[in-house]
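Just below sit the structures, each encoded as structure tokens.
Paired with subunit B in one complex and with subunit C in the other, subunit A is shared by the two complexes that follow.
On to the complex of A and B.
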């Protein structure tokens, strides 16, 4: 084989290795039998995986992260579905501005969003830690909700709503009877995307977490500063497999990639 | 069928924002009539239909139906059905559920509902398709589902938006027969919108030709086809040689021309290509184009007063391109136009 024909497979291999390598190292490290986070792992054991479930703070912060991911995404959808509907069905003045503002949290770095929320909302208005995190996660998920739901609304004919009205339905009834069932896939996709985005969020949560209230990623950073054992690797692996499982199921049953 | 109007539009003005789409329209329609709103795109026919359905607010004027003023009655309380051009079937529901949709909203349940849906599907020949989804049906079948969905509601008026335009030639004939049958069996008042004169002529009892938001002419298909009253309608139904008349003479680009026969009193005269006499007459023209259409042959003549289209039976000997022919525009054959615009 010439050097030329080796170039492409070699590049491909290196890029894939770069992308998947760290993940494989973490997974390997979480089955380590040793006392510290290290690679290659020393021996094989499940004890760090089992330890994850016994750490009290992990359980509390996991609960917090689940609450934010589910609650924040649900709140973002409740705001985002009507917003998407208005943006896609009516020619509103300033619709493009609204679209841009709604998408801002995707473009603006999280660290700036976090700092801004802390400095101009949380501190002056004395917002509690949990409400602050909830608001922040809702805002961060909103752009995904609007984008994904808009995409499925744009693919749906609007005359079916008029048809429903002429058959005796109210305007609002038509939305629930013929629009919602047809964008269900888009809404579920937006929910999954929002859930994963919120669950993996670090920079904004870092600013807004406080005494006793932390999200799971922040708690993992805090844990590692004190204890350098493989349980963080074990937890990371568990979370990664959870995410992969959710996205795989979504793709399998909903055709997730059509909407994102 | 009584003579009193069942549906009447009175001084109806419709607008999108500040743009007036339909101005001061008066149109009485009798019960059980099959009326076509015919016109080019942008003439206001669809706008008028949407106003009858209640999908477009009325700027001024009234819509009366069956003795009641429904101008401000919301679309979902009007008992007006609409078959959309795109059919607008609910993609997530089966054919059966599509037809049952409106009946369920009326509160129908159980065997009464089932019987009604089944008979609706049977009447359009789709009873064996009840469990299919709309995406699994052909265009013609989807349209029949849309028709059944509207008809089971027993609407006072059924509106149809370009009902034949999305169908191929064979299905057009089938659907045309179907619509006429439904109309005959149920006696429902039907109004359909079309830009295709052949569709309007074939299907309607009465044709309303519209232009720029106004009614240009109302008449039976025979009236519209044979006796257009304006140059616009004449052009729309295939009179291709149209000239204004001034002082009893035909006004052309090369001055006023005397016509054979008595001086016409109309504002204009219109001839279909086959009304033009070719081979004899006082005028001369050069063959600029010719096309063979099976039964007949069409000629495009260059004449001192512009291009003239003539059509003769194909059994006549053909004239070659460039040949010089005499022809006549016989005034007694022409359709007299009272308005020339």
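On to the complex of A and C.
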């Protein structure tokens, strides 16, 4: 083999090492028996993996993140599915404006969304921390919901629901009995994408989190600034395997990547 | 196509109203704050004040510089990796693409945290340097621009590789062999054949990497700290430490203008590419 034909595969190997290596190190460090975060790990134990479940603030913030990711995505879908349907099937006056407004939160950095919400909605209207985070996460996920659901609606021929209506079904009946079963995969994919986006999101929640109420990633950052033990590594590995598992299952059963 | 206007509006307006109330209006008010004159009327003095401060200028230029360096390095590594992946057997190609995408599913906090283990005082890099005797005392790599650069590169490189993979796959299969047969060396093949034919993919990947680096918060916060501020961490500091909302509004405006500009460019390139595809 010439030097040149080795060069490209070698670069690929190094790039993959650079991308995946840090994750493997985190996984290894989370099985450490030592007191501080280190690699190579000192000894082997499950104590840090087990400790994650006993840290009170992790449990609270995990619950909060799950609530925001599931509830916020569900709310975004409830707003986004009708809007996508109107955009894809109706002659909507001002369709471009609606599309832009709904998908704008994706372009603006999350930290700005969070700050704006805090100053002009949360403070003047005395909104609580949890509802404020819920609003922010819903707005954040809405663009993804509309994009993915619109894509699967556009891939579905519209004459089948027109046929259903002609054959005497109500518009609503046609939607639930004809359209919904056909875009189920798209909706589930939108849900998973929204869930992962919301769960991993940090900047939008920075200003909105309050004493004792924060999301898991923010809690992890706060913890690692004070304690230098492997429990954040353990928690990171657990979360990583969880999200890889979800996305892998979604790809396997839904063909996730077709929609995203 | 259904024609009923009232029905269409009833379906679309809740989402539009929600986004406008929760997102568009607050952000618009926030941005207008930076142009408001305390004694009435409008002014750009907040902007001249902002750029008059050397610290702000340093942070602004550092953000642009890091964004540019991360984009260029990810383009170089991205071409090599994408080129290698595209030329693999179909089965291995899928697996390798999967490995490139995998980090995107892991929380950015976890991915950034890993670099503390690697770059810290007792981290792997320092252990290795001391082992081979390049340095006696551990080097301070964390909380430096290098650390932030490495973190950002690892975070956004997959986006570049994926964009370049799809660009390389859309390239005519015989373009490279043809150029080789006609006597071009590998350097010429890249500059005269591969680069022009994958320009759009490069622009798309570059925009994603650049705006991502520009607006990253977690990486500069964890790996840079208050020593290596970028625009987002400066914004956070202005609000939470100094209570300076005018300065925060200025930074927000700068960030939004830059990411909008990048997104418009991206849209242009994407539509140009779609038009090109039609005749095929």
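Going forward, the second predicted complex is superposed on the first by the 259 of 260 C-alpha atoms of A that agree within 3 Å, B and C clash if a C-alpha of one lies under 4 Å from a C-alpha of the other, contacts with A are read in each partner's own complex, and residues count from 1 in each chain.
FYI, a contact is a pair of C-beta atoms (placed from the backbone, for glycine too) under 8 Å apart; a residue touches a chain by one contact, two chains touch by 3 or more.
Everything quoted here is computed from the prediction, not taken from an experiment.
Novice: Evaluate whether subunit B and subunit C can sit on subunit A together after superposition, giving fit or clash.
Specialist: fit
Novice: For A:9, decide between first (touching subunit B), second (touching subunit C), both and neither.
Specialist: second
Novice: In the superposed arrangement, which partner chain does A:182 touch: subunit B (first), subunit C (second), both, or neither?
Specialist: Only subunit B; A:182 stays clear of subunit C.
Novice: Once the shared chain is lined up, is A:104 touching subunit B (first), subunit C (second), both, or neither of them?
Specialist: In the superposition, A:104 contacts subunit C only.
Novice: Specify the partner with more touching residues on subunit A, choosing between subunit B and subunit C.
Specialist: C
Novice: Looking at A:112, would you say it contacts subunit B, subunit C, both, or neither? Reply first, second, both or neither.
Specialist: second
Novice: Determine, under the contact definition given at the top, whether A:167 touches first (subunit B), second (subunit C), both, or neither.
Specialist: first
Novice: If you stack the two complexes on chain A, which partner ends up touching A:68: first (subunit B), second (subunit C), both, or neither?
Specialist: In the superposition, A:68 touches no partner, neither subunit B nor subunit C.
Novice: For the superposed arrangement, tell me the lowest C-alpha distance between subunit B and subunit C in Å.
Specialist: In the combined three-chain model, subunit B comes within 9 Å of subunit C at the C-alpha level.
Novice: Any idea which subunit A residues touch subunit C in the complex?
Specialist: Result: residues 4, 7-9, 11-12, 15-16, 18-20, 22-23, 25-26, 29, 37-39, 79-80, 82-83, 85-87, 89-93, 95, 97-98, 101-102, 104-105, 107-113, 115-117, 119-121, 135-136, 138-139, 142, 146, 158, 171, 196, 199-200, 202-203, 206-207, 217, 220-221, 224, 232-233, 236-237, 239-240, 243-244, 247 of subunit A touch subunit C.
Novice: Write out the stretch or stretches of subunit B touching subunit A in their complex.
Specialist: 53-55, 75-78, 80-82, 84, 86, 88-92, 101-102, 105-106, 146, 149-150, 153
Novice: Which part of subunit A faces subunit B closely enough to touch in the complex?
Specialist: Subunit A reaches subunit B through residues 157, 159-160, 162-170, 173, 177-178, 181-182.
Novice: Within the complex, which stretch of subunit C touches subunit A?
Specialist: Going through subunit C, the ones touching subunit A are 1-5, 7-9, 11-12, 14-16, 18-27, 29-30, 77, 80-81, 83-85, 87, 96, 99-100, 102-103, 105-111, 113-118, 122-124, 153-154, 157-158, 161, 186, 215, 217-218, 221-222, 232, 235-236, 239-240, 245, 248, 252, 255-256, 259-260, 263.
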